[in-house]
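Structure first, then comments.
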Amino acid sequence: MRTADLELDLDVFAGPFDLLLAIVLREEISLLEVELGDVVVAYVEHLEEEGELDLEAATEFLVLVAALLELKSRLMLPTEEEPELDLGPEEAADELLARMLEYRRYRDAGAELSRRLEREAPYLHRAAPLPAELRRVSIEAARQAYDPDRLGVALGDLLSAPPTLDTSHIRPTVSLERRLEVVRALLQRASRIDFDEQFGSEDRLTQAVTIFALLELHKKGEATWSQRSNFGPIEVSGQRTATGGQTAKARRES
Amino acid sequence: MSDGSAAELARTVEALLFLAPDPVPTGELIEACEVSEVQLRNALDLLAEELAPGRRGIVLREVAGGWALATDPVAEAAARRLLARPKTPPLTAAQAETLAIVAYLQPVSRPEIARIRGVSSESAVQTLGERGLIEEAGRSRFGAVIYRTTALFERLFGLSGLEDLPDASKFDPTPEDAADLRERLLRAGEQRAAP
Amino acid sequence: MSDGSAAELARTVEALLFLAPDPVPTGELIEACEVSEVQLRNALDLLAEELAPGRRGIVLREVAGGWALATDPVAEAAARRLLARPKTPPLTAAQAETLAIVAYLQPVSRPEIARIRGVSSESAVQTLGERGLIEEAGRSRFGAVIYRTTALFERLFGLSGLEDLPDASKFDPTPEDAADLRERLLRAGEQRAAP
């Protein structure tokens, strides 16, 4: 499913998910009014219905919803209740501000590029074929550019018996429920886990579904996760109040 | 050609740039003309003077990492009539934003573009690719396609290279504007957090 | 442009001839510039003077179909060095395999190449042909095109002849196998293609 195809029907916003962060960044609605839990549930349900995963689109969704989640949670966290988090409305405002300014920078740079294209349009370049006498490659102008051993190596590869059958293209089925069990079991044994360490060797589909499992756990209050920098390690921490998680689960299933 | 005068070398360079389908880097001109870098620089200076804007129908430009001849804007209307060349359509706002992100942050993946723009950028990325302004540059370690700008981008935007892009910090708001925006965000948060 | 000066019109005509891939008849220049025949003739006279042989890198020519710009012969040798140079981008794995098959087994047919590689090799064969590394050498008795390497191939690999190719046994994983090279390559290819 393309990220843009997820239709949302929230209290303050109805339309494609695609547009949600955009209108937040453009200050057309306040992030505080948006129920992000509903967005994630809608996506996970949609994904389960579809039964297959477009990794590119899923990554895009994750990036967008994670940004929304982080910004909103920081905006709403009252500092006095969670002093150890050291994140208050001030930091949240700074975070959202940084995102808005980053967006504006590229919006304005884009506008500048558009003006530049307009300004450059009158300079036309020639697109004529070469005269016939220059179209033929001259052997005299040729110098050695390749190593003959490259051919020997290629020949050796072709003579080799085929390697054992590559089955990586056969997609395993990965169920969200199963991944939830796996992550819950891990979090019972250790309060913190490193995503790459635990799941780095899994195939991409399993990794992606595990991320959804983490989103689900985050929504139920069973786990939090953080990533300090883009593409940096993801650290997952379990919440000790397991009963909270149970309640949330029961509520959703009732 | 080492015995040729600077004027003759300038004529040769003009002819080479006339023939070459793409901008030619200085190094390739030196090799083709079999001259020293100083000799070639002098010839380019001379040629630039002869083809200075307003003097002739063609001008010398440094674009996309090399040298190219292009027509003077004076001829644009007549050229479009003669060759029936349509004007390149302007960029939409979405395409311009996406192109700016690719140009400044390359190589960059679509999820990263979406993160900054706050909106899925599939169709903008596709159109920019079809127009030859961006191209795939492999995959990130998470398997997402990553993009970079093309030589055509630099040529159409009159850039001698990526370092010729205007400094991105030029587009940042004044500290006053930023402080004002922050204040508004903070007030919204406080209203909400209050019971 | 009817109010433009003769000099400006000459510049426009130069730009038009620069862009046009073929000679342009006088009538089309008149239409594109929106001027009278007399005005255009004057501009052409002026341009012919500016581009007189020996003055610049390009010259104005009146040929059968109309007017055209061409390069001055002074640049001929440099142009050949710059533009008639063979293109030598790095070979992809598919191209290296295909070229190795042609080099060691020539003449070899396209179906044989496909059987040995276990995949259709059309695009590799085509690219190698375009770059002048391999060429057609007739047809097999079943009508398939057969290929061999070219003199340019030997030049670009620094070989004085085909007998200069690296000894295949040096790269052979099972040199003890006495069967013919072609036969063994086909056998390995069929194993690769098997499900």
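A few remarks follow.
Going in written order, the chains are labelled A, B and C, and every chain counts its residues from 1.
Criterion: a residue touches a chain if its C-beta (ideal position, glycine included) is under 8 Å from a C-beta of that chain, and two chains touch if they have at least 3 such contacts.
A quick note: this is a predicted structure, and the numbers were derived from the prediction, not measured.
Distances between chain centres, each the mean of the C-alpha atoms, put C farthest from subunit A.
Innermost chain of the displayed assembly, by C-alpha centre distance to the whole-protein C-alpha centre, is B. Our note on geometry: subunit A versus subunit C, Cα centroid distance of 42 Å, whole angstroms.
Here the CA centre of subunit B is 27 Å from the CA centre of subunit C. Multi-chain contact residues, meaning those touching two or more other chains, occur in subunit C at positions 15, 18-20, 79, 81, 83. Looking at subunit A, residues 124, 126-127, 130, 134 sit in touch with two or more other chains. Contacts from subunit C toward subunit B in the complex involve residues 1, 8, 10-16, 18-20, 24, 28-29, 31-34, 50, 55-58, 69, 71-72, 74-75, 77-79, 81-83. Those residues of subunit B lying in contact with subunit A across their complex are 18-19, 21, 59, 61, 68-73, 75-76, 79, 85, 87-88, 90-91, 93, 95-101, 103-104, 110-112, 114-120, 122, 140-145, 155-158, 166, 168, 171-173, 178, 181-182, 185-186, 188-190, 192-193.
Residues 124, 126-130, 134-139, 141-162 of subunit A are the ones that touch subunit C when the two sit in their complex. For subunit C in complex with subunit A, the residues that touch the partner chain are 15, 18-21, 79-81, 83-86, 88, 91, 93, 96-97, 99-101, 103-104, 116-117, 132, 151-152, 155-159, 164-168, 170-174, 184-185, 188-189, 191-192, 194. By the touch criterion given at the top, residues 2-4, 18-22, 24-26, 30, 32, 55-57, 59-60, 62-64, 67, 75-76, 78, 89-90, 92-94, 96-97, 99-114, 116-127, 130-131, 134, 204, 230-231 of subunit A touch subunit B in their complex.
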